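Here the structure is laid out as structure tokens; the discussion comes afterwards.
All chains are identified by letter, namely A, B, C and D, in their written order; residue positions are counted from 1 within each chain.
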Amino acid sequence: MKRGVPLIITFVVGTVLIFSVFIPPMENLGENFTLFFDIIAVFAFFLGGGNLLRVHLTKLTRRKRDWEYSIVTIVGFFFMLACGLFKIGNPGDISASLTAEGSWFQTIYDNVFVPLGSTMYALLAFFVASASYRAFRAKNREATILLIAAFIILLGRTPLGTFVTGWIPDSFSVLQIPNLAIWIMNSPNLAGQRAIMIGIGLGVVSMSLRLILGIERTYLGGEDK
Amino acid sequence: MVVPARAVPEPADSLKADSVEIIIAPPTSPVVSDFKYDDGNSLILTWVPSIDDLPVGGKVLSYHIFRSDNGGEAKKIAELIPGANYYKDEDLYSDTNYAYHVVALSSNSRAASFQTASIRPQREWVNLNLKYLFFIALIIAASVIYFIETAKRGKKLFVRKIAGLEAVDEAIGRATEMGRTILFIPGIHDMDDVQTLAAITILGRVSRVVADYDTKIRMPVARSLVMTAARETIKASYMSAGRPDAYNDDMVNYVTDEQFGYVAAVDGIMVREKPATIFLLGAFFAESLILAETGNSVGAIQIAGTARPAQLPFFIAACDFTLIGEELFAASAYLSGEPKQLGSLKGQDVGKGIAMLAILLGVLLSTIAAVGDTETITDILNFITRVFTVTN
Amino acid sequence: MEHFALWLAAFLTLGIISFLYKDNAWYKLTEAIFVGLSAGYWFVTLFWDNFYGKFWIGKGEHAYLYVGAFLGLLMLLRLIPKIGWISRWPLSFIVGATSGLWLINYFSSNIMKQVQATIFPLFSSQYGAGFDAGAATVIGNLVIFLGTFTGLVYFFFSKEHKGAFGYTAKVGIWVIMITFGASFGYTVMSRMSLFIGRIDFLLSDWLGMIL
Amino acid sequence: MMNAFTPPLALALVDIGRIISLTLIAAGLLWLFIRAIKLKEVERRVIFLFIFISVAAPILFPTVFKEKATPVVKAVFDKIESLPPGSKVLLSYDFDPAMAPEVQPMADAFSRHCLVKGHKIIYMCLFATGQGQFTRTMENVIRPEFPEKIDGVDYVNIGYKAGNEGVLNVIISDFKKMFPTDVNAVPYDSIEVFKGIRSCKDLDLIISIGGGRPGIKEWVLFVGDPGDVPIATGVAAVVAPQLYPYYPKQLLGLLGGVKGAAEYESELVAHYSRFKDSPTPALLMMGPQTLAHIVIMAFIIIGNVLFIQGRRKEGKR
């Protein structure tokens, strides 16, 4: 029951979904799975949200390092639940739209979520710089190629690129940096992407088969019998 | 029921003022047929456009499609632009009879076609459009299974070294020596993404080593289901290492579903706990570089892998080892070292062989066809292209 | 109120940016706010969309939704240690379905379509004369063909990268490295524009310093 | 935004700020370079500081770098420049507000250029939201800068028609069938701009702005190729590489992203002194971008100097 049933479920569900693609009356099965999945995810959230609370409550009661911030997290979590589930701070009643104009839920989304998310995202501007400083060094042939490709593209994105190679006659215009940058994007870049994508496709096929056939079963409990 | 207008077409240049009725010829020969390889829910209607629907100076401004269900009143279901000659009607029922007619409209008059015969959409049981897809998938799947079986029978199979995976043991050992934690980030997608599944299968191997070495593992996740699956996996590893009591649910904890909220928290964990080893395996988006750079700044050894081509460059730049696409999915099999698992990797190579052969032949033949244009070669080429074209 | 919201947004924005200097109390506070609120936000969204939306609003429409709910309930049995192992059933259902669903999906979009896209003539009478139109295109085509081919050689698992095979694989990894370098360089601009957006918010919306 | 009405004092302040910040960056990079030769690594936070300054300074003190138009952009500019006054140019607004930051500056620049040359413009769109974007051009360019131009005589807006490539399939042979009137319900035959125009084939140039679907690919396939009409385009940066194979045979030129727009604006300002004080949003946006790119490249060079010096030192040992 503990190992056998799950393996059978995986096998049956996986096989049926593979064949459903080729059988028109079953073509909606994949979509239905997405529906199932969404519902299971809601139930699972009780475990996830519960865990979040447990972690922070433990931190708080045991006065672990930085326990003060756990208060903020817990309060924030319940505050959002109150605004969302009971529509507190919503100009309408319980049946009102969650994202109604002027509701606390939406206000928090606009003034807390959006700035937080986009600033976190914007940190990439800095990390892109620090990563290229460290990584683009001509340590070996592969790294040198990586460096040159990146440098040409970067140069092509600034007016410098045009000035540096503007002297190249038009009959060899492909060698001018901005054109070269485009050529790299269109040819070798495309080739590399394709090889990676075909490889990924095969990797997925093989791993899925291992899971469906029950050869890969670490998620159910290692190698023991 | 529908009386088609009989109109004598006039020469196109006799355009008159709008007050005079512009007479146009009706569309002709409407034919309705079953749309192939569906669940009995669509039909396809074709017709010959009105002879007044000319590219230049034509008088037809639009076509209206009318449908009658089970002999009932005909209702307008679509408006199409001039030049249209077919329409696919979807979301129908296989137990209803449908008949159609097409009306051409000028600026102030209309002309209707005959009504088509009444038919029902047919349900097909097998989608023959996908037959080549099925066969090639079958060949690759069969070769994967074949090599798995061969390996089971004890035949030795060679698999080349993958640097990123050779480093796993060493990376875990390093954390053990330094007495620091191992951070395992399984991407930000849920269990309905194959990359997350790949991450969980790798977690199975990693946590087994972790259990043997008695190292600390820490795994903040962005999805509740991933938390459940990860706990199950780590617990199983500790059981098979014979140390179930060393396992603790707190090794895995849920943070938030929000992409950058999760990233903010993981960044915090990295700088505060200074893990010795970080695994970044699974589905990553823009956060890939934020995590990898922060991890690098605390001096951790980082092993990353994803199947998202857009994020691979950032992992390559900021991590010590990167599993590129296919290697991510092969990782668990490779790490297990079991012959039957390695066999599946050999099966993948057959797929690569097929892809390479098709590309080689295809490029060769189409180049010859483009230059010389011989019929046989064009035929073979068309066949290869058809095999690899997926139509629905 | 609007004034407060603006200052709050600026406070949070600077809190995140302060992390670049080092981990500090301001960042920790911002992080705690972000995690707490967003976890609540997602639960509320999931609840209304997937639970209320599907069971109350679309009630009876899909009887099999209850199968999903049943599996979800099985998941919750984890909370009872004695029969917690039953939660493996929904888990294996998800693993099986995800594998089956994506197997064919990836197969058709990543293998079939990419192979099909790589079947093209290296040169054709249609290309015009002149270096950039003719030769550059032909060389480009050749690179796409050989690059894809050698890239696949690199991924071969069952043969050691030695001899002629090893050289081909080497060319493959070079092509892949060009791909990575180029994509990295090309992304810089969009990453910068995100930060430009934040600076613009701070300088102009918040401080009103831009003319 | 900078324009002629900026008071002189503020202008001076901006100049000073610009000079100081650029000097700071240049001197700082030089110092780091010298340190690198002496094998001293740069700390992450120093790089962060440089990025911060190189983005914030050009925003605070608007900094514009001279852009030299690349051949693909120059080709579009030269085409509009070489057409005789009174030529018929169609501008199709095939984009929505999400794409606007990148391509609206192009649409405005094309409009300015055509109007100053005395071409007659037909505005249309394949995106329903393109109408709203045209209103922006109307309010920001045509009304304030070209009050003398008359709707219907110098330009006309025929608006949006649903049908994607179907629309193009019709107007390749007959405009009036698809657009019996303009947006103000003026009948086709009484619109001055359309005198002598029956279909797209009678146009002197078509420019599609956007890059989504429907968009330039459809224009090339359904109008440019079969009708042999010159076509140019302005698209978002992500789409641009996919379109280069069409150049120069099927596309006479193209503008990619903010950079392409900036090159065009720069060309326009260089040729026409009357646009010296017109807003150049793309050029302004390129300021921080260019500076940040240069800083990143400088750090790549510094990194390699460090690496080479390090290896040399090891070799000596």
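Descriptive notes on the structure:
In this text, a residue touches a chain if its C-beta (ideal position, glycine included) is under 8 Å from a C-beta of that chain, and two chains touch if they have at least 3 such contacts.
This one's a predicted model, so the numbers in the text were calculated from it and none came from an experiment.
A simple rule picks the central chain: find each chain's mean C-alpha point, then take the one closest to the mean of all protein C-alpha atoms, which gives C.
No other two chains have as many C-beta pairs in contact as A-C. Seen from the C-alpha centroid of chain A, the farthest chain centroid is that of D. Mean C-alpha position of chain A lies 16 Å from that of chain B. Look at where the CA atoms of chain A average out and do the same for chain D: the two points lie 31 Å apart. With each centre defined as the average position of its C-alpha atoms, the distance from chain B to chain C rounds to 13 Å. Distance from the chain C centre to the chain D centre is 29 Å, each centre being the mean of its Cα atoms.
Counting partner chains per residue, chain D shows two or more touched chains at residues 44, 48, 51, 55, 245, 259, 289, 292-293, 296. Each of residues 21, 37, 40-41, 44-49, 52, 66, 113, 116, 120-121, 123-126, 128, 130, 132, 134, 136, 146-147, 150-151, 154, 157, 173, 179, 183, 185-186, 193, 196-202, 204-205, 207-209, 211, 219-220 in chain A touches at least two other chains. In chain C, 16, 19-20, 28, 30-31, 34-35, 37-39, 41-42, 46, 75, 78, 88, 91, 94-95, 97, 99, 101-104, 106-107, 111, 115, 118, 145, 148-149, 152, 155, 176, 179-181, 183-184, 187-189, 192, 195 are the positions where the chain touches two or more neighbouring chains simultaneously. Viewed as a contact network, the protein chains are fully connected, with every chain touching every other. Those residues of chain D lying in contact with chain B across their complex are 44, 163, 166-167, 169-170, 172-174, 177-178, 180, 198-199.
In the complex of the two chains, the chain A residues touching chain B come out as 21-25, 27-28, 34, 37, 40-41, 44-49, 51-52, 55, 66, 113, 116-117, 120-121, 123-124, 127-128, 130-132, 134-136, 146, 193, 196-211, 213, 215-216, 218-224.
Chain C makes touch with chain B in their complex at residues 16, 19, 22-23, 27-28, 30-31, 34-35, 37-39, 41-42, 46, 75, 78, 87-88, 91, 94-95, 97-99, 101-104, 106-108, 111-113, 115-116, 118-125, 145, 148-149, 152-153, 155-161, 176, 179-181, 183-184, 187.
Residues 20-21, 128, 133, 137, 188-190, 192-193, 195-196, 199-200, 203, 209-211 of chain C touch chain D in their complex.
Contact residues on chain B toward chain A in their complex (touch as defined above): 37-40, 123-127, 130, 134, 137, 140-141, 144-145, 148, 190-192, 194, 197-198, 200-201, 203-205, 208, 223-225, 227-229, 232-233, 235-237, 239-240, 250, 253-256, 258-261, 263-264, 272, 286, 289-290, 292-294, 296, 307, 309, 312, 314, 316-318, 324-330, 332-333, 340-341, 344-345, 347-348, 351-352, 355.
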